[in-house]
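Letters A, B and C mark the chains in the order given here, with residues in each chain numbered from 1 onward.
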Amino acid sequence: MMQVNWFQILIDWVYGLIFWVYDVVNWIVGIILWVYNWVWGVIFWIWDLVFLNLDFLIKAILFPGLIFVVLALIYTVWFTRKMWGRIQMRRGPFHMGKFGGLQLFADAIKLISKEVIIPDGSRRWMYRILPSILLVIVLLPFAFIPWDATWYIADLSVSLVLVFAFLAAVPILALLIGWISGSKYSLIGGFRAANNQFAAEIPIIMSSVGPALLAGSLSLMAISGAQSSVWYVFLLPINFVTFLVSSVVAVGTFPFDAPVADSEIIFGWRTELSGVYFTLTYFAEFAEQMLYSALMVVLFFGGASGLPFLPGFVNFIIKFLIVMFFFIIVTSSFYRLRQDQITRYCWKYLLPLSMLNIILVLFGLAYIDGLAALVMGG
Amino acid sequence: MSDGEAMTLARELVNKMPDIEVVPSIDRLDIKAAPEKIRDVIRFLDEYINDLFPESCFGVDLRNNQYEMIYIFWSRNKRLLVQVRVLLEGEPPEIDTVSDIIAGLEWHERETHEMFGIKFKGHPDLRPLLLPDELVGRYPMRKSFMTDRSRLAESGLPQPKPRPPKEANE
Amino acid sequence: MSPDILDEAIEIWFGPQHVSAHGWAAKLTLIGDYIVECDPHAGYFHRSAEKVLEFRNFRQGPLVMERLCMLESFLMEYPYVSAVEQIAGLEVPERARIMRTILMEASRIHSLQFWWGQFAAELGLFTMLLWPWVDREYFLDAFEELTGSRHAVSFNTPGGVKYDFTDKFLKKLDRALLRIEERLPKFKDMLLHGPTFRLRTKNVGLFSAEQGLRWGLSGPNIKACGVPMDLRKDKPDSNLAYDLADWEVPTVHNEEHPGQSDAYDRMVQRFLEVETSINIIRQLLPQIPEGPIIDPKARAKANRLPEGEAYGRVEGTRGITSLWLKTTEKAQTAYRAKIRGPCFASYYALKHLVPGSRFADFIVIFGSLDPYPGLWDR
């Protein structure tokens, strides 16, 4: 019979238990340490990220970025409505806040809190998602607007091209919204929106070639910097006019508002949108208008240059409001054109004029000696 | 402007269609025609007056299944108001359409059809024009149309209780 | 037209829930951008006025009539009043005769002002919607001063008029006239001389005088074709005072298409109408004599009419407005009253006018005929 040393077994078992407990504690401590290190690592990483990019973040979120742009959008709508009111012999918004300044917030809250009615014949998920994409696409190019020598978000060497690339998606979204709404009026409006862009896109890009050639760059920053001695609006007045008119066409606002002609096709591609989705497209239109105004300031009015005692972005905003006022004057004094007339007008008058201007610029750069030195590189 | 216009027109008309009653006055010509003659009369007027302006055409309920169709024309060149009356009898009253001769009367006839139940033979489009669906075929401009009770019956609401007849001794 | 083309046609309902379809609807068949068939539907505004008139006595009748078209209430009352006066054999005092004429012309001016605004809004310019409507208020103020009501005036009554002119009213009417005289050149600049207005309205909705007469168009629509068909001149009414003023029937001559009129001509015509009306009022205002404003026996005579038939007509803003009245012996109400609204014909004319035009031009053609749903539905 084998001698069993119960005592030895007990001792071994106790030792084993102790080591096991020790290992478990070690394991838990290891986990805690790992989590601790990981959390700290993340915090440090975020801290580093924020600390190193604090400048960029403030710019992207606060000042020339999202919050500023949305506020500017709201006050541009207010400015437009107030100016329309003055031109049309009425008072415009005046109830909410001083001079009706809070009216647009009230409107936005009202529109957002309205019931969303989605038609049966529509594609529901596209109906829900497309208006937001539209607004995002229109707001994105604001990242490349050089409000000032310091206050800008991003500066790419091809930002001018990139802005137009973003804007080319707008009529496609309008057409899609019209298509998926399941209404004939929306469909007609969508095709009209596509037609507008079809008419306006070539003249508008052609008109922006002139400033780019003179500045020798496709970067908006460089173009606005190159105008420190002379604004391009004095060198390229024809280009400015073609750009202004074709941008009104591209936005699809009043004289060229065939896509949303309310007396013809109710509200065009926006007919079936309701509540918050309508709000998004409504603001997207004004954001596009703002974007084109800002582009005009950059391309033709020398961006941030101007009165020397003011900060650059203040100069920019003053010029921006002046260009916006051009927009308002145009939108409140002409009758709506038919869509075939829009195409004819853009292709027969604006396109040749903008092409002529490119040729003039090329000749000028080649044969006028002082010109290149005057305009390039500022 | 002169009363000659109405007189000559009346004389021409009587020469062509002797069985028609014509009453000319200074600036007005009243014609009474039989229903089967109406197309001839209108065609005659159309040929004779070069700026015939169809003012209106409508029916009148004369009770006892008698209806009158009245056509009113105005000629600016002759300063002449022409009124053609046609007496219709029977149920449903029938008359030939003149909308293919004078297009402007198409809708007037359409309205008369739905309001009086006068049938226009050969009219291209006799869909109801003004009335809501539940009144189609009820001919509301007829004198026999009860304005209040008839609508109540259609609506499906409970009918009001008839008033108890007054007792003679009360 | 081959059947395959018709397969691609889409049917679209223009109204009744459309921004510019206020109480009417038309079914349009479109192939591409072109309308191939137009089927106007009436009845959305039907108030069975003819049946109602069979239950209203002869002093209540004008109130029913003026509610058919609130824009020209003074003119709308007149056919009924005229028919009753013819049957009852009432003579209208000289003073009332001139007062009626003045107010009918004033009513015509403010109705046309309303139409300018409406037509401009249909063409997509809201500035021009509000400008004439501001000036229209001056007339409405004057009417309110006279009758206590802006639209439902209830002024004409068998045998005379209900309210006498006061100094305050005359001052307000004078102010309204001065205002429209001062503003007419501006409206002409905005409407007739605007380049985009010409683009939209020239050669749109073209029809000849013969066609117009055939469809039953009257008033400014036919006068724009060069036919001076105007009841005020052609058939002088002894109860109205058009013979006291010196004026000519205005017409328009289209040089491109003689004997035809397009939407532009009809707008020109309506400007001439306003000038003529101002001229008539200016000439009649000093001619108002002292005297009674109503035949003293009118009330008794209009209470019960003898058996008879009468046809009361007036040249309304939109064309010949008339009422055929039949009464029986000792009648308190009409046996049959048939109202002819001029717009019945212009609405019907769409059926022939619209096919072949572009979809965007539909509302221009509709607006240029100046139809008012209350006048065709009655």
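Just so it is clear, contacts are C-beta pairs under 8 Å (C-beta built on N, C-alpha and C of every residue); 3 or more make two chains touch, one makes a residue touch a chain.
A quick note: this is a predicted structure, and the numbers were derived from the prediction, not measured.
Taken as a contact graph, with one node per protein chain and an edge wherever two chains touch, the assembly forms an open path, each chain linked only to its neighbours along a line. Distances from each chain's CA mean to the overall CA mean are smallest for chain C. Centre-to-centre separation of chain B and chain C, using mean CA positions: 24 Å.
Taking each chain's centre as the average of its CA atoms, chain A and chain B sit 66 Å apart.
A straight line joining the Cα centres of chain A and chain C is 50 Å long.
The part of chain C that touches chain A in the complex is made up of residues 10, 12, 18-20, 33, 120-127, 129-131, 134, 194, 196-197, 199-200, 358-363.
Within the complex formed with chain B, the chain C residues making contact are 42-43, 46, 48, 50-51, 55, 213-216, 218, 227-229, 234-235, 311, 320, 322, 324, 326, 335-336, 338, 340, 344-345, 348, 352, 377-378. Against chain C, in their complex, chain A makes its touches with residues 84, 87-90, 184-185, 188, 254-255, 257-258, 261-264, 266-267, 332-341. Listed in rising order, the residues of chain B touching chain C in the complex are 27, 51-56, 58, 60-61, 70, 72, 74, 76, 79, 81, 83, 102-108, 128-132, 140-141, 147.
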